[in-house]
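By written order: A, B and C. Residues from 1 in each chain.
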Amino acid sequence: MTSPSLKLIVEAALIAAGGPLTLDQILALFSEEERPKRDRVMDVIRELEVDYVDRGIEIAEVAGGFRVQVRSQVAPWVARLWDEKAPRYSRALLEILSLIAYRQPITRGEIEEIRGVAVSTNIIKTLTEREWVRVVGHRDVPGRPALYATTRKFLDYFGLRSLNDLPPLSEIRDPEALFDRELPLEPPETSARSITELES
Amino acid sequence: MTSPSLKLIVEAALIAAGGPLTLDQILALFSEEERPKRDRVMDVIRELEVDYVDRGIEIAEVAGGFRVQVRSQVAPWVARLWDEKAPRYSRALLEILSLIAYRQPITRGEIEEIRGVAVSTNIIKTLTEREWVRVVGHRDVPGRPALYATTRKFLDYFGLRSLNDLPPLSEIRDPEALFDRELPLEPPETSARSITELES
Amino acid sequence: MALESTPMGLQQEMPFAVVQGAPFMTLPQDLYIPPDALEVFLDAFEGPLDLLLYLIKRQNLDILDIPVAAITDQYMEYVELMQELRLELAAEYLVMAAMLAEIKSRMLLPRTESEDEEGTDPRAELIRRLLEYERFKQAAEDLDALPRLERDLFIVHAGVPPGFIQRQPPDVDLRELLVALRGVLARAQLFTSHRVEKESLSLRERMSQVMERLRGRGFVDFAALFDFAEGRAGVVVTFLATLELTKSSVLELVQSEPFSPIHVRLRESNDQESDDIAVA
């Protein structure tokens, strides 16, 4: 067989996607000449569903399309994979987070300019998934780069009422000053009125 | 059946992990009473390998353990799931990475000596941020230069089980052989591979 | 030793170079290269050793037996041309030029007895380095050819149904964050220090908040951006944030006629919002 079967491609795509795929997304994997009919793709998904009956995975139909997930009978064991604390964040991630905090709203390109190296998509993804950072808009220049800012969750996590509670840059530059003083690290029980509340 | 079979659990764990799992990591999914023998887990992985022969996925053994990946025949289609092109790496970066891989532990100065040009700090930084390379110590000479080595992540990324799986370095033709003799050099049969052939 | 070696005329048939995938041009004997092409050309080399290897291979010569005089002449022509064009030339190229010149001069001298005993060919060190570099040049190509993640290999990643995983993300101490920032600033010091310090963080924070409020909403009454309960300082910060955002082309202010209400909106179509978060 020269070109792999439709079923193999659909299976691999569903398992690799890491999230739900719509029929359209699956169809988009094929060039125009080789693109199968929608019904054929649907048939293949149904076939896979049957194949998976005695496997550790299953196909779930969710709003966003079809997703391969761990069969729930085995999920309790598999979930233990993530029991351990995730590894510590890399230096790069911390640098990028701190730049977003202090220079927001900021584009990826601006971060790269300051750091002198490319910003990894994974880091942005991690920060976004943790909901510490989000896209608040796009700069109206060619490419319309996303503008990143920190979130309320970020402030909460670090026990800050607002960004103003972060030490000023002048202090950060001076290593002595930074550690001689105690930073406001204790979580504010009164979490007071944060500025973000004003928003709503 | 009350508790799912070992095979289902191992399969689901490998497919969900998003990276390689060692036997130990798989064993750790089970409580002490239910924990299978190592050999049993190994058998199950071999069985899965066979099951996957006509599927869109396959099991690969890399430095970090066993991982499930998209079968290479279907990878070109699956790759279209991601808009972003895979990062390309410059020749300089690949040369430096090769030197670190084959000559580890190695200092920056030693890399520069072999390549005949300065090593860019950004390249070292990119390699470190990708966690392909790390500092494993310092050479005990003036300046105490850092010694670089490759990591397990590097091996995993390039689908290798160990450094031994790296493509062998081309044999060095011994220049001594040339200079010891007064005779005009006729290329010995064995090293008849001309330089231009190496190029292709 | 085979100094007479390969006739130089051979090279005329050879293609000049393949620069970044494209056959570039043919190189006549006089080494003419258009100036802007030379820059590209120089970029294509990873240093003097790489350039030398290229010169050697171009003529199908054996590294073990390079005619130093000829190669040196060619190398020098490149270097001189680059200098003439005032291209930025890494110092390493000049060091190599000096080394070649020295080898060349030693090759011209009659070899003395003592040298013979030691078995030292003046070229020995250069040849050793070329061979060594060539190996790793090859190794880099081999490494690049290995199937690798993101390009040829794709790890699968099935989800776990909700409710089973309680993954604890790593903790971060605020100090770690500040230390990281200090690291970046120390490296980027030159061009950020002045601008950053003047801007207060509350302004930056407010910029984010203003954008957040305008997101996906089309035109909004300018006055609605202000929360008068915050008092004078708060209003001023919001005002400054709006100006700053307008200046950096993030916001658009519109007033249809004098003294009519001012409206403001994000300069982007609403359908484009949040597509960056959706990186799966």
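Here, a contact is a pair of C-beta atoms (placed from the backbone, for glycine too) under 8 Å apart; a residue touches a chain by one contact, two chains touch by 3 or more.
Keep in mind that this is a model prediction, so the values were computed, not measured.
> Indicate which of the five shapes (line, ring, star, complete, other) describes how the chains touch one another.
If you draw each chain as a dot and join those that touch, every dot ends up joined to every other.
> Does A-C or B-C have more contacting C-beta pairs?
A-C
> Go ahead and note the Å separation of the Cα centroids belonging to chain A and chain C.
26
> Report the inter-centroid distance (CA atoms only) between chain B and chain C in whole Å.
About 24 Å, centre to centre.
> Residues of chain A touching 2+ other chains?
Each of 12, 15-18, 57, 68, 70, 75, 78, 91, 116, 121 in chain A touches at least two other chains.
> Going by the contact rule already set, what residues in chain C reach two or more other chains?
154-160, 280
> Quick one: which bits of chain B touch chain C in the complex? Just the residue numbers, please.
Residues in contact with chain C: 12, 15-16, 18-19, 57, 60, 67-70, 72, 75, 78-79, 81-82, 86-87, 89, 91-92, 94-95, 97-99, 101-102, 114-118, 156-160, 166-167, 169-170, 172-173, 175-176, 178-180, 184-185, 187, 194-196, 198-199.
> Chain B touches which residues of chain A in the complex?
Touching chain B: residues 4, 7-13, 15-18, 21, 25, 28-30, 54-57, 68, 70-71, 73-75, 77-78, 80-81, 90-92, 116-118, 120-121 of chain A.
> Within the complex, which stretch of chain C touches chain A?
Going through chain C, the ones touching chain A are 154-161, 164-188, 192-193, 196-197, 200-202, 204-209, 211-215, 227, 229-230, 234, 245, 248-250, 266-268, 272-274, 276-277, 279-280.
> For the complex, give me every residue of chain C touching chain B.
It comes out as residues 1-2, 46-50, 53, 56-57, 60-65, 90, 92, 96, 119-121, 124, 127-129, 131-160, 280.
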